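To keep things simple, chains are lettered A, B, C and D as they appear, and every chain counts its residues starting from 1.
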């Protein structure tokens, strides 16, 4: 059944283009992103301004651009401890090309890893939205902590499995203050930290600090893991490169003796199926 | 078989740690990347300096940092035309989480897409290495073009399926000149362009320009696709977000009538296997 | 900081092996899966028995093995209409290796695509669990339909965007009857279909039929998308191969003229940031 | 710029459909794969016949179908030792959905892992093609071994890092003999083994045995890793499920003390860039 004129007519009548976008228009020898010609953007804006322009649709004011630069740098690398870095290096060791290694690393950005920043942003954004003015934030912080502790749930963005006081969070909060980038979401995060520190000795981590700051910049929580990915990508690339040039290919990441097998005793196949037929 | 003291002894004796890195050291409340504390890096360096530090191991001089900023911006987005963007949006439409959409998009960075920059860098780096001085570059460029044209092979980094004169390449080359970032690899690229333009009317594209510039900055060709990925990630994230918030879920990207089926006539299963048994 | 004896002692004391499994034990020249030696399994069991053994931990009775064979075959391929197949082919066109193409295709198995079978299995399993005997299933089916229609939600496993009566579902249900594989979950699915057909003219699709049948075989709903993937993989591989050997590399999947751009009017970069600084 | 009638005319004139396939035709309520209606295939063919039909385009004779069943079973699982299984479990631990875990696992099927079977098939297929009759195979085997040993290269499909005599290979070769599925490629593999065993004490592994057998069945080497993936998928799914239901989320796969850091001494950021500006 070849493509026929009728079917194209039908597509045309349907009137809905299959591909539409408001991000970038491409014409021969001309590329326009969010209204700006790429010729002007290249050399005209910083990378953090470009990130903001692409995701938020507008160029940020100067203080926001500087803050975003610091946010991106803060995500850069955490050595070989994250599962994303380990997975990327294992895939590199197995001989896959760089882009497949990076993709595999990003697949480990699940709800327990980079997902934390999204859940933290969602929580802050919903809480701030529910307040009628900034005066209500301290009470909202209290309720937020109470609700989580009573339900025995961790508050995303607080506590870290390696750091008691995450040095990145501390620095980011200082800069947010310096650059005039503290808005209601960061204030909420700070209130939560104060209560949590007193009650449980737990402080904000890099995700919590960035969740507050990015929310104050206007980033929808659904884009939070994306910003994390941008920041972390140079680190992942560096690890994949290190694995490829420095370690033996297809190396063993642990010895067979370290594996605990706790499965079945050996069974005899000739004994037939393990299960009875389904009763009819 | 539980993990035993003996097996750990054995691991210890083997003396080769399973995980080692020279990128980042993580200790409780302290993270040190390429020798610099992350507390100092956050707010102290730009994102492009961080990219350079992570991948090259050193902080770049100021002009190189500015140039790298422009390089990263130049990769930002090309609308919905690249297969990576289309794949990422399709995966978003199917209801996968953001990190899976981005990973899927990056998987399309194969040898015909982002791979072009790697092949271009490899070609430039090998050609420049084979020259004893910069005086030999014009002749090397001539040989490079001759070899490719005779073998009827495209030169990676030249020509573009949408642009006759890629506006990004033009701008990048201007900036490389302005910032004092033209070295032997970019010179080679310019020589190749001159010859190719005369003979075939073909100009450098964004990959070719960046291949020359990144090579002059000291980036190993194996890291070229990685730098492309960093630059393109904000665009991919923006497209995934646009797909998720604006288009209907699980939409049809084309109509069934547009598909041409040119397979077998219908066959009857009861006729048995299509093939004869293997001759013994 | 080299690996020290103390730290290994500490690992040992912690007593929790990092890697343990009950699936397969590997020793030199001996591999034992779910208690059976692989030497016996190869040639001794069918692939569908192996699937059952790996995922459920036991060998199935004969009728279940035959039914599972049919289930796997029913997932095999749906031409180029699914986003998973389109994404895999696009990634192939971009020049990525086969395993990256397949991985990219699977990433499109999101909640709107292969996710449907999981949601359908979950719904059936929860509904059947809430019934004290099979006699309650008709009423439970009625409540299930009412709840979804009132909330204006689709019931996963029913309706198909291309088929009014999915031929795969019809055939699977016949076979389940023939093989004695109809249990309470499939009965529930049939009851739901009867009500839905009368009220909305909507029938079960391949996911709904398999959701009932797999649930009756004892598959946890969390493994449903996995079984779908096993069944679909041969189709994906076939499409990736077809793309690679038959279509031009890096082909355009649509023309630039088909893209609708509905973004900003052009803007002038020299006008400065689009946004006001954050109010302090 | 909306989609216009002209542009569609242009597409139409171009005459090349964007999507064409010879695998499956989809019409409302009818799905035809390789000429057979899916209603007939479901319950009418085994899964291994379906794999053959999809990839090779024809239904196999009975002995080939049985052999392929054994081949698929032989790939099923190798415990937690392969990087693909480790990567999939790490991604599961990070909280990603099942399909993302499986995709990540498959990304580790690089040239040092599942890639071995492709390289082995390619080598066997090229060697057999270069022989004018089967009588030349022993000499070809000798040359093949000599060439590799002289170049100090491993022959893909021989030797295993855990098994001296891979029990799967032994069993597969017995079955190929029993089922009448030994053709020239398997003969070549056996000749190579004989020489290699004598010279280096090295035997065929599961990849080598399957490479010979699949080549004799007519599978193009480009589809070899695909067949491996089909066979391994049930094992990967089983591991992802085990990780998700049995292990703590986001667990540490090793302790921070086990990581060796061999990077830079600490450096002071205020000292400025590490590198001199590029010489102009």
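Of note:
Here, contacts are C-beta pairs under 8 Å (C-beta built on N, C-alpha and C of every residue); 3 or more make two chains touch, one makes a residue touch a chain.
Just so you know, these numbers come straight off a predicted model, no measurement behind them.
Counting the residue numbers used at the interface between subunit C and subunit D, over half appear in both copies, so the two copies meet with largely the same residues.
Of all chains, the one whose Cα centroid sits at the greatest distance from that of subunit A is D. In terms of C-beta pairs in contact, the better-connected of the chain pairs B-C and B-D is B-D. If you average the Cα atoms of subunit B and of subunit C, the two centres end up 31 Å apart. Per-chain Cα centroids separate subunit C from subunit D by 21 Å.
Taking each chain's centre as the average of its CA atoms, subunit B and subunit D sit 25 Å apart.
Counting partner chains per residue, subunit C shows two or more touched chains at residues 1-3, 8, 11, 17-19, 21-26, 37, 41, 45, 79-81, 86, 96-97, 99-100, 103-104, 107, 109-110, 115, 162, 252-254, 256, 258-261.
Across the interface of their complex, subunit D is touched by residues 1-3, 5, 8, 11-12, 17, 25, 79-81, 83-84, 86-87, 90-91, 93-97, 100-101, 103-104, 107-113, 115, 161-162, 249-250, 252-253, 256, 259, 261 of subunit A. Within the complex formed with subunit C, the subunit A residues making contact are 17-27, 32, 34-37, 40-41, 44-45, 57-65, 96-97, 99-100, 103-104, 180-181, 183, 216-217, 254, 256, 258-267, 269, 272-278, 280. Of all the residues in subunit D, the ones that touch subunit C in their complex are 1-4, 6-8, 10-11, 18-19, 21-26, 28-31, 33, 37-39, 41-43, 45-48, 50-51, 54-55, 69-70, 72-74, 76-81, 86, 97-100, 102-104, 106-107, 109-110, 114, 162-168, 170-172, 174-175, 220, 222-223, 225-227, 229-231, 233-235, 237-242, 244-245, 252-255, 257-261.
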